[in-house]
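Next, two complexes with subunit A in common: one pairs it with subunit B, the other with subunit C.
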Partner chain A sequence: MRTAVPAVPQYIIWRDERKISNRNTPPTTQTQTQIAHKKYNTRNMKFITTNFVKCAVKTCDSSVDAFPLQYSDCQIVQEELEYNPEFIVHMLERLEWNAVVKVARDLGNESLPPVKPEGLDPIMEDDQVILRDLHTLLVETQIVEGKMVCRNCEHIYFIKNSIPNFLLPPHLC
Partner chain B sequence: MSRPEEIAPPEIFYNDSESYKYTSSNRVQHIQAKMTLRALELLNLDKNEPHFLLDLGCGSGLSGEILTEEGYNWLGMDIAPSMLASALDREVEGDLFLADLGNGIPFRAGTFDAAISISVIQWLCNADAVGNDPKKRLMRFFNTLYALLRRGGKFVAQFYPMNDLQTKQIMEQAKVAGFAGGIIVDDPDSKRKKKHYLVLTAGQSDRNLNLAGAQMDAPEQRKMSAKMKKKMESRKDYINRKKETMRRRGRVVALDSKFTARKRRPRF
Partner chain C sequence: MLPTPEIPLLPESVYEPAEDSYLLLDCMELCISGLQERKYPIVCEIGSGSGIVSTFLKANVFPKGLFFATDLNPNACEAVIATYNANCSQQKFNTFDVLQMSLTLSIRPNVVDVLVFNPPYVPAEVVPDVPTTRDHYTWLDLALLGGEDGMEVTWIVLLNLEKILSRDGVAYILFCARNNPDKVEELMKQRGWSVRVIEKRKAGWEVLSVLEFKRS
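Presenting the complex of A and B:
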C-alpha cells in the first residue's frame, strides 16, 4: 500500500521550481504562473480551497464542468503555517484527487501522483513525510492574485488581494 | 432602535468607516464573541476531531477569531469588501471570499462539517435591488447550504428578525430545502439581550445538537377525558354523534342535511 506512494517530497514543487527557474529559464510560458518572492503577511486563498469552490451561477449547478474551475495567471506564495496532521488526514478523505491534480497542473505543477495517498495515520512516523508534503501543497501554497474560469459558462472570477470575488453580475443571479 | 437593515444594503452600509467602527468597538466584539461561543455550544462538535467550518457573513473575522481560538479551521464569506479588508488587516486564519449569500454559496457538495452565521441572515429578507426576491434568495441560500454540508452537518445562525413574519419566512425556506430544526430564543424576557438562533441539521447526525436548557414552546395539547368531551360538546355535535352511532349499528337514520340539529323556529 505504502510503496505506491513515493517517499520523495513530490508535492513541494513550487518552492524548488522557483530556485531552478531563477537560475535557468523563466517559468513555463504555458501557464504563466508566477511565484511571489515577497513575504506576504495576510492570509490568502489556500490551495485546498480550490478543491471545494465551484461556479456560483445557478445554471452551472447541474453541470460537471463547473468543478474544478480553471486557474490562470496566478500569483502564488508559500507561507509557513502550523503543521496539523490530523486536519490533513481529516480533509484528505473529502478531497477529490483528480481535481487536485488538475488544478495543480493549471498552476504549473505536473508531478503530483495520479492516485490519492490513502491510509495515512497522523501519528505514524512513516507517514510524516507524505503528510508534510501534503501540508505544504494544500495549506501553505496559496494564491494571491489570479483568474478562475468556469469551464461550463466561462464566467471569470478574479482573485484580487488574496480574496476571490464571487459576486455575480445581475444577469447571472 | 435603528436597524442597519433599514438603512442600506450590506455592501454599502458597511463602508470603511462603518466597518472600522464595528470592528474596533469593544462592545460589538464582546457580543459577537459571546454569540459565536453560544453558536458553537449549540453545534456540539466533537472537540477531539478537527473540523472544517463555514462562517457565513464573516465580516471582519470577529467570529472567525473565536473559531481559530477554539481550534477549528474555517472559511469565511461576506458581501462587504470593507469588512473583508479589515479582516485581512487583522490577519485572520481562514480563507476569505467576497460573495452574495443570496446568490448561492459556491462550494462542492459535502465540503463542510458545519456552518455558523452571526447576525447575518436577516439581511437576506431585504429586497435591496431590482429583481431581488427575498423568498428566492433565501431558497437559493438554503438549498446551496444544504448541499455543501456533509450528511449530518449542522448549521447555527444567530439573527435579528424584524418581526415574526421574517422568522416564519426563514424557517419555511429552510424546511423546504430539507433542513430539520427550529429556533432557539435566548433571554426571551429581555428586550435587549434577546437573541434568536436558527438551529438546523442536514440529515441525521451521530452527535445531536446541544439543546440543554431549552424549553419547548409548542403549546401542549392536554388530553381530554371522554367525560369532559361529552360535557363540552354542543347540541349539534351530540345529535351527529348519536346518528353516527346508530348508523354503525345498522339502523335507518335520516340523512344529514343543513337542517340537521337546527333549532325550530316558533312559527313552525
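Presenting the complex of A and C:
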C-alpha cells in the first residue's frame, strides 16, 4: 500500500522546528549550521544579501571564484517578514541563481532546483507555493554569526552580531 | 514635508546629522516622484553614518526597496541599525541590511539602482587611515576628511560608477564648493554621464550641492 509522503519543500532551508528535527541530511562537513527560531529586533544579514556581496580583494575581481563567498559556521535565525510576492518576482530577475544554490548548499539545503524558476505569476496557485518558499529562503532566512570565505584568495570575512564585515587588513587594500 | 528620522544617542565617533545630511533628505524629497517610478530598487548608501539618509529613504521613498547601508566604522554600523529600529519598528518589510565595508568594494558589479553618498568632502592633506581599534578617536575624521580638494574618496566612487550602477542606475552625491562641483560636472559629462544639480544651498560658511549622475 502506498503511503502519503509529505511534500518536501524544495526552496527553503527549513520550515519550522519539526522540520529541522526531522531533517535526515546533516549539514555539509564544513558547516555547523545552527538554527534558531526567533524574532530579532536587529537587522540580520539576509540570505538575499549573500547574492550581492563578493570578495573585496582587488585581484579577485577577475576571478569567478570570488562570488559567491563560501559560508560556514553560520548561526541562522528566521525573522517573520511581510510576504510580498511582487518583490520576490522582481528580485528573482536580479539574482544569480547558481550563487543562490551554492549558498543554500553551504547552509545545509541541497534540494534547490538547478535552474532558476522563471515566469512566476503571483496569481497562480502553484506559483504562490514557490514564491512563498522563496520568500522564506531569501528574506526570512538570516545569518547572525558566521564566516564567509573567498574561494579564490581564501580570505575569511566574519559576520558578527548580525553585521558582515568586509574590511580588509591594510596589506590587502 | 516627509518626516525626518529621529536619531538615537550616537557615539562620539559617528557623524551627527547636520546641514549636509538634511540637504540630502531635501533633495531626495524633491526627486521623489521620479525616484518612486522604481518600485523594487536596490538602494545603496555609502558611509551611512547615523543611518539618517537610508532610514529616511526606506521609510518614505522606497518601502519595498532592498537596502544596503555601508560604513567602515563599526560604531556607525550599529548606529544605522539603531536609527532604523527607532524609526521603522512598525515596518513589516525590513529588507534593509547594514554592511561594514569600504565604499561598495564588496558589492557585486552593476546591481545598484540608487546610490547615495555624503562623502568625506573636507579638503585635507591626506585621507586618514582606517583605525585599527574600535574605540580609536580618529574614526570621525574618516567621515569628514577627503584629502586633496576633499575629492579623493569621491573620485574613487565617481570613476567606478560605471561598475557600481545598474543599467539605468542613478547616483546622488553631495559636494561642497571647495570640491569644485562645476568642474566635476564637466569632467563627468565628458566621460559620458548626464549630470544635473538637484539643489545648491548655503549652509553656514559652506555652500553645499547635490548632484545627480545617470548614464546618458
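Just a few scattered comments:
By our rule, the second predicted complex is superposed on the first by the 142 of 173 C-alpha atoms of A that agree within 3 Å, B and C clash if a C-alpha of one lies under 4 Å from a C-alpha of the other, contacts with A are read in each partner's own complex, and residues count from 1 in each chain.
The rule we apply is simple: contacts are C-beta pairs under 8 Å (C-beta built on N, C-alpha and C of every residue); 3 or more make two chains touch, one makes a residue touch a chain.
Being a predicted model, the structure only gives us computed values, none of them experimental.
In the model built by aligning both structures on subunit A, subunit B clashes with subunit C.
In the superposed pair of complexes, A:165 makes contact with subunit B and with subunit C alike. In the superposition on chain A, A:79 contacts subunit C only, with no contact to subunit B. In the superposed pair of complexes, A:71 makes contact with neither subunit B nor subunit C. By the touch criterion stated above, A:47 is placed in contact with neither subunit B nor subunit C.
With the contact threshold set out at the top, residues 41-43, 45-46, 49, 51-56, 67, 84, 86-87, 90-91, 94, 96, 161-168, 170, 173 of subunit A are in contact with subunit B in one structure and with subunit C in the other.
On the subunit B side of its complex with subunit A, the touching residues are 49-52, 73, 75, 77, 79, 84-85, 88-89, 91-100, 103-108, 110-111, 129, 131, 140, 150. Only residues 41-46, 49, 51-56, 58, 61, 67, 84, 86-87, 90-91, 94, 96, 161-168, 170, 173 of subunit A touch subunit B when the two sit together in their complex. Of all residues in subunit A, those touching subunit C in their complex are 41-43, 45-46, 48-49, 51-56, 67, 79, 81-82, 84, 86-87, 90-91, 94, 96, 139, 161-168, 170, 173.
By the touch criterion stated above, subunit C contacts subunit A in their complex at residues 39-40, 42, 64, 66, 68, 72, 74, 77-78, 81, 84-85, 89, 92-102, 105-108, 111, 129-130.
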